[in-house]
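Questions regarding the structure given below will be posed in turn.
Residue numbering begins at 1 within each chain, and the chains themselves are lettered A, B, C, D, E, F, G and H in the order written.
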Amino acid sequence: MKKEELEKILKAVKNGEVEIDEAIDQIKMAPFRDLGFAKIDTQRELRQGIAEVIYGEGKNAKQIEDIVKEMIRNNQKTILITRLSKEKAEDISPDINLDYREDAQIGIVGEIPEPVKQGTIVIATGGTSDYRVAEEAAVTAEVLGNKVLRLYDVGVAGVHRLLANSQYLINANVVIAIAGMEGALASVVGGMVDCPVIAVPTSVGYGASFGGLSALLSMLNSCASGVSVVNIDNGFGAGYLASMINQRTSETV
Amino acid sequence: MKKEELEKILKAVKNGEVEIDEAIDQIKMAPFRDLGFAKIDTQRELRQGIAEVIYGEGKNAKQIEDIVKEMIRNNQKTILITRLSKEKAEDISPDINLDYREDAQIGIVGEIPEPVKQGTIVIATGGTSDYRVAEEAAVTAEVLGNKVLRLYDVGVAGVHRLLANSQYLINANVVIAIAGMEGALASVVGGMVDCPVIAVPTSVGYGASFGGLSALLSMLNSCASGVSVVNIDNGFGAGYLASMINQRTSETV
Amino acid sequence: MKKEELEKILKAVKNGEVEIDEAIDQIKMAPFRDLGFAKIDTQRELRQGIAEVIYGEGKNAKQIEDIVKEMIRNNQKTILITRLSKEKAEDISPDINLDYREDAQIGIVGEIPEPVKQGTIVIATGGTSDYRVAEEAAVTAEVLGNKVLRLYDVGVAGVHRLLANSQYLINANVVIAIAGMEGALASVVGGMVDCPVIAVPTSVGYGASFGGLSALLSMLNSCASGVSVVNIDNGFGAGYLASMINQRTSETV
Amino acid sequence: MKKEELEKILKAVKNGEVEIDEAIDQIKMAPFRDLGFAKIDTQRELRQGIAEVIYGEGKNAKQIEDIVKEMIRNNQKTILITRLSKEKAEDISPDINLDYREDAQIGIVGEIPEPVKQGTIVIATGGTSDYRVAEEAAVTAEVLGNKVLRLYDVGVAGVHRLLANSQYLINANVVIAIAGMEGALASVVGGMVDCPVIAVPTSVGYGASFGGLSALLSMLNSCASGVSVVNIDNGFGAGYLASMINQRTSETV
Amino acid sequence: MKKEELEKILKAVKNGEVEIDEAIDQIKMAPFRDLGFAKIDTQRELRQGIAEVIYGEGKNAKQIEDIVKEMIRNNQKTILITRLSKEKAEDISPDINLDYREDAQIGIVGEIPEPVKQGTIVIATGGTSDYRVAEEAAVTAEVLGNKVLRLYDVGVAGVHRLLANSQYLINANVVIAIAGMEGALASVVGGMVDCPVIAVPTSVGYGASFGGLSALLSMLNSCASGVSVVNIDNGFGAGYLASMINQRTSETV
Amino acid sequence: MKKEELEKILKAVKNGEVEIDEAIDQIKMAPFRDLGFAKIDTQRELRQGIAEVIYGEGKNAKQIEDIVKEMIRNNQKTILITRLSKEKAEDISPDINLDYREDAQIGIVGEIPEPVKQGTIVIATGGTSDYRVAEEAAVTAEVLGNKVLRLYDVGVAGVHRLLANSQYLINANVVIAIAGMEGALASVVGGMVDCPVIAVPTSVGYGASFGGLSALLSMLNSCASGVSVVNIDNGFGAGYLASMINQRTSETV
Amino acid sequence: MKKEELEKILKAVKNGEVEIDEAIDQIKMAPFRDLGFAKIDTQRELRQGIAEVIYGEGKNAKQIEDIVKEMIRNNQKTILITRLSKEKAEDISPDINLDYREDAQIGIVGEIPEPVKQGTIVIATGGTSDYRVAEEAAVTAEVLGNKVLRLYDVGVAGVHRLLANSQYLINANVVIAIAGMEGALASVVGGMVDCPVIAVPTSVGYGASFGGLSALLSMLNSCASGVSVVNIDNGFGAGYLASMINQRTSETV
Amino acid sequence: MKKEELEKILKAVKNGEVEIDEAIDQIKMAPFRDLGFAKIDTQRELRQGIAEVIYGEGKNAKQIEDIVKEMIRNNQKTILITRLSKEKAEDISPDINLDYREDAQIGIVGEIPEPVKQGTIVIATGGTSDYRVAEEAAVTAEVLGNKVLRLYDVGVAGVHRLLANSQYLINANVVIAIAGMEGALASVVGGMVDCPVIAVPTSVGYGASFGGLSALLSMLNSCASGVSVVNIDNGFGAGYLASMINQRTSETV
């Protein structure tokens, strides 16, 4: 129930146009979502011009198209379509001006906002095979308006590669540490920086990596403080959370 | 190698007091930690006056005492001793002015800093049994200088209790959602707020909760964005990370 | 052994047409199923006009056809074929008047009974991807003669959507709560209603959802009373059990 | 917000005693639980005279005493304290008239209501070791006002014991099937009856029973329709759900 | 080392044709398998005319052909090829007189021996989907010379079907109980018979059956005595072991 | 229903003393167990003079005493009490002539039958720590009337110890292979003998043995034919099954 | 930072061409990898003429080609490409002189060095299906310059095959024991030899082998001393480690 | 069979004192262990003066005493008793000159040999809680005659501590990397050194460390080459294997 509607009912009560009992019913029956969940309004204002997200998996090209068109009608400036395969992307009507990033399996409709001035999100990966998940995180963060620095293939089995880039890590506002196999990257990075580290285990590996379980447990048990973990291969979630932390910092300036 | 030492060597080289070969050896052999890891210095400055942490489990009262005394000698103003049982706390010498918080199983030595002005950390728990973990998180965050608001026993099986407190959640800067059993609190809270949610699964429950595994998996699979997870029962880790995010926001103002 | 047969033997004994020893053998050797398992008879009477179920998976079109034809010969009015793929459905002979519901992967032969007057089964799902399982439950319940109300995509990450529909939930006779990923829907719904909640975990999700394990454990650990759980993706089982509870209620009126 | 309060605000608006803006604030800020969650009121009416439940584990005798006394002050007629050890029960003040059932680890305060006329809940167990869980279910159901029939030690390894009692099972309104080890009882009973079967896996067993996991998986995979499962050792949950189904049936008469 | 060879060496020693040191070397260096492992000889005698087994999986048609031809050259009367797909069977040269049993995925070359007089192996399955594994067991046992009785689709959810066949079970010499999902068949059968029951969990099922894990754990926890378990889907292993027990019984007559 | 009772009813029908309808009721209502389950009678005859088993765990000394006394009244000659701790054994009244075997945690009341002439059960263990489980198996088999040969501590890490005893293994009628840790003993023994091998995984070990899981999986995956598995630490089950196979062989002679 | 560069800076300091402060900056900012990680240099010298490794999985033919060409330009004498499928191998340009070993799924470019004189690596496998993993280990070890002896198909279910080859095992410098299913080979071999045994579990098997978990746990729990384990199917890792141990031994001569 | 015995038999054959048939029997019946398993003899020679090991867990003080005394009678110079608790150690008779190392839970009887000249075993641990396991490894290696260097508490969350000690690691002949929680130490160390790394996961940690599973999986998935893994907490196994590699290197000099 929007403020205006509640106002209208109260005015009608005041003016005697509506009985009190009837007013009670109207107020009580209003769907809760209309009762002014601060969040929803806040979010709308807040997201003015910011990306809306469509989870592409399990939707076909036509369904995605329809949602996108409706969003455009609602003046959504930027739309992010995650887990969008190349095949599906190619099936989407050329009417929609789709900027497809194959590496990230992400489609973008509309303009990418200027990144906020302060704060860099550093995305570090253990190996080259973590590339897709890393790009999902990176493109998500960029489309949400953040400066992103990619430090790929700096896995702990060659810790000097990581150290050679320590200045970038130390200056980060948030670090996303992405690794499969033993997932040790999160701990080592967590020990090097003072900012929050979002750890993303990946399903990269074989045998006893058990589809990412090894990296997941490893990251949850990180002995470094400041590390938290998202789901296996959840690049989007990490990018979104990193943006939330990074922008919060910047907004308050 | 501190700057002064390197300077000394270089001066000696300049003055011809030391041969170049010898200088090379001295520089190369210097332990890496001395080569100016920005982080370490930064940390020291940054932590000036902030709590140092001792993990109490597996150390006896005497060992803890010794570490505390050494820290005090080093002018550490605040010391946090986590996972400290009541028995052990009572065995610590009265010489040390220990402020023991039994609920949190935390001992504090020294003064607790004034909380930063901006930003509240809200700690929500699913049930009364999550109390110990919640207090560990709360006291940690407080000792690190944060304003903390406790919303205990607002589990999802009575979602109205949670909603009745939605204004507190919506105004939080960081939320720590602590729950055992099905761990659904993290998702529901994650859907209500726009700030980062740190989820802490607890080992509360029986049977198919498998020591916290149920809540852990549940939280990792949260369908709400902005949620990340720390280890089972890791109240300290959540409090520390929340403080890191909260203070970063505040510092940049 | 039907009553008539036993009667016949006893009469023959009475009339001296059959020796006692022979009668003993006849009675003892009668297959147990004929010895009057109340259930079987009851069931037959009870199911007069109610659907018989064929599990389609692992049977080919021809086998299904044969079973259906035999059932029709036995005057079965309604037949439900579950887990029937579109391909298989298309291969079934047009002789059979198949009403195929692709969303539910269910084929129906014969008439769908009028729903019982009292009692609604509400089917709530966490997300759009739980659609197939939900439809399996819904169509099963409908074909068994129940009024069904679908509340899809009311997952807990947007708890207001759920609350906006609370009147439907509160008035339900049975609720089926279907969710993948963190499966929190069951707990939240369980806390809102006073009727039995049948929780169905789905294999929707990735990474640490481990094929539905996360939702399964979550639902088993529900802190709300009145919640019980069926197998992962078992929409049919939930629909059948819901019907059993709903009709029992109605029957006794 | 109770109806009366909302009425009061509206009247004040009507009378011009309160400004519309102020009224909007008052309505919006009212805790959600007061906005007329049908359930809560319903529950209160519904539970008039019915047991309130206290989960005894993790609370000490004093805490339990306090809660009980407060409930009595609120005119609660029957109070059920689950997971209450004998030691704790003995520590509870004799002021409270505690009816302690050691087998069920349940304490009862107040009167046990007359069971509803129609409908029996049959509680079947696989072995003698499932006794405690079974009694927890049985006493819970009895205190909630149900007729309960105990069929203990009718495990499937001696299927004739089960069959010898088939008439009781067939006439049940709800069956609770409790078993550890291989948990097969649920399936066999599920195949014998037409009413809902609530399966309770127990942690009874050793080795590959893995604390009840074996029985749990077994019951979830039951090939009989109408079976659903609650958490390992959750006798209370089963008793509560069975009562819910049984009373619903009876109430509607 | 065959007896003749050792004899020859000893004779040579006796005759002085070979030095003692040289004899020691010859005896010591003889491969262990030649040192008269009773088993090997026994086996050969014992298996005179009995089937030799080839595990078909992971071998191509050509490789299988070669092994079969070599076996035939060695006068092997009966050859059993397990896990042989239809495609592979069709690729095997028509030179080889292959009796292919598609249901069992078994190919037979040579004559099937007359079954031993005494003792029947009863093979009971829970459902129709366990058919392939059951046939693998059945054909294996038949080719090894046993009388086999098939009792398919007698799962515990309709325990009367099982009871209706109890005379066959009671008269069995060995029972193989094959079931997926909850695997309860083994326990129920184990409680009905006095002979050894070999339980075979199958990977039939979905969701929480976890590829046969549910049935496996269930069978290992059987509360009936006399039940032991082989690997998931291991029909051959069960058939082979059943034959071993059955023939041992018969042989000793 | 015993034959005599049925006969009596039929005679009464014949004589016109009982109406047919009444007879039908009497026959139908007779508990199933009385309807001539061949097994039960067979068992009774068969077990004449053979041990009856009491599972001691979870029963106190008094309860065990009562059961034993009742059994003695029923002329049971031999009684086996498994999982009986020393403390409990000492608490049993001296009235009962208890032969307590501490190593096996078994109590015996009554006489141990002469072992059957033919067939030896060989019990092999991997290490000295498997002793308790092995003795449980051994004493069970002995009390059931079998000749038992103990080959303890012949684990595969010293395969020569096993080979040094190969003649005993080869001459066994049944082998029970008991091992914790990697459980390889079952496979090696299975490859050496032609008789059934019953594998018993034990919970001996630490770390990645996960309470016997390692040995359990190892034994289920045995590449040797003729091996089947019982539950972790289930010495009794193995001894009972071995006796069943051994005696079956001997009986048929 | 290479020695020459540091030397140059120090000379410049000595000559007064560079200020001390500037020199400090230059030294501190030098990427850590240049600061003389002994290992890197050592490795380079050490690997002069030794194989560089490319992990083929997840790279396409073109990418592999490019890396190989760059390595050749850098005078790399031997290049090992692991996990290279036949299809990919065939797509690699004929410009590159690729020696493809299909069994090992390894491609070799350049010359294979002469094996070191002393020390043999024995590779033993449990069954024929472990062939691919074994060849990966064998070819890796050979290309790294080691003498390799293959003892395939010597699984423990026929322990005489293993014993017949004991002289080869006893004379080995390192043994790689490769087995799927129950993985017992590692323990038996570990008990026969005095040299390090590297155990490789393989994913060969079905059912309860759970993709190699069974063999993995079995090997980790080996009761033989001197056994360590690498990841499931990690033939390369075992070959590399074996070479490291073998060459270390030889080098020190 | 010792060479002398075989010689004696052959001489007797030569001299006609023994018939050939009888000689065949004597040779064949000789326990296999006597047939000259090279290993056994080798071992004896090799171990001349080297420690024999007793696994203390599960043996009481008296049993350990007896074994030790027997070993001393057999001129064993050094005896290592692992997993020996302080209580048990104190119960061992003072007759035995026991050197008890509480940290390692190891008792030593006899002299500790001089370490071999070449080659150091470096033992690195992630945290202070891994101390007991590390000492078990260290003392084992020392008693077996190796030079050991302890680098404790160099976990990856403070990677500079590790790097500051890189020269020790680089110069090691074997490294034992011991860590609980996320177990990342093995990978980081494995990337720094060229020698074999033996990884020991420890059960240190809580929650999702699942008793060492997290560290175990992490280490098995190490992306560094040259790393292999032993069982959780198996310090002895690591020390023994490290000694085996280290001494092999040294011996061949």
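Convention: a contact is a pair of C-beta atoms (placed from the backbone, for glycine too) under 8 Å apart; a residue touches a chain by one contact, two chains touch by 3 or more.
Model, not experiment: these values are computed from the prediction.
Asks: Once the contact rule is applied, which chains count as partners of both subunit G and subunit H?
Replies: A chain counts here if it touches both subunit G and subunit H, which gives A, B, E, F.
Asks: If you average the Cα atoms per chain, which one ends up farthest from subunit C?
Replies: Of all chains, H has its centre farthest from that of subunit C.
Asks: Greatest Cα-centroid separation from subunit A: which chain?
Replies: F
Asks: Please decide if copies subunit B and subunit D contact each other with the same set of residue positions, more than half shared, or with different positions, and reply same or different.
Replies: Under half of the interface numbering overlaps between copies: different.
Asks: Report the inter-chain centroid distance for subunit E and subunit F in whole angstrom, where each centroid is the mean of the CA atoms.
Replies: Their C-alpha centroids are separated by 25 Å.
Asks: Using mean CA coordinates as chain centres, what's the gap between subunit B and subunit E in Å?
Replies: The answer is 60 Å.
Asks: Which residue numbers or ranges of subunit A touch two or more of the other chains?
Replies: 32, 37, 163, 166, 192, 207-209, 213, 216, 220-221, 225, 231-232 - these are the residues of subunit A that touch more than one other chain.
Asks: Any two chains that touch count here, so list every such pair.
Replies: Inter-chain contacts occur between A-B, A-C, A-D, A-G, A-H, B-C, B-D, B-G, B-H, C-D, C-E, C-F, D-E, D-F, E-F, E-G, E-H, F-G, F-H, G-H.
Asks: With touch defined as at the start, can you tell me which subunit H residues reach subunit G in the complex?
Replies: Checking each residue of subunit H against subunit G gives 37-39, 42-43, 46, 53, 118, 166-167, 170, 173, 192-196, 198, 216, 220-221, 225-232, 237, 240-241, 244-245, 248-250, 252-253.
Asks: Spell out the residues on subunit H that touch subunit B in their complex, using ranges where they run on.
Replies: Within the complex, subunit H contacts subunit B at residues 128-129, 160-161, 163-167, 206-209.
Asks: Please name which positions on subunit F make contact with subunit D in the complex.
Replies: 29, 31-33, 37, 40, 58, 201, 203, 211-213, 216, 231-234
Asks: Per the contact definition, I'd like the list of subunit D residues that touch subunit E in the complex.
Replies: Residues 126-127, 155-159, 163, 181-184, 186-188, 190-192, 205, 207-210, 213-215, 217-225 of subunit D touch subunit E in their complex.
Asks: In their shared complex, at which residues does subunit D touch subunit A?
Replies: That would be residues 3, 6-7, 10-11, 13-14, 16, 20, 23-24, 27-28, 32, 35-36 of subunit D.
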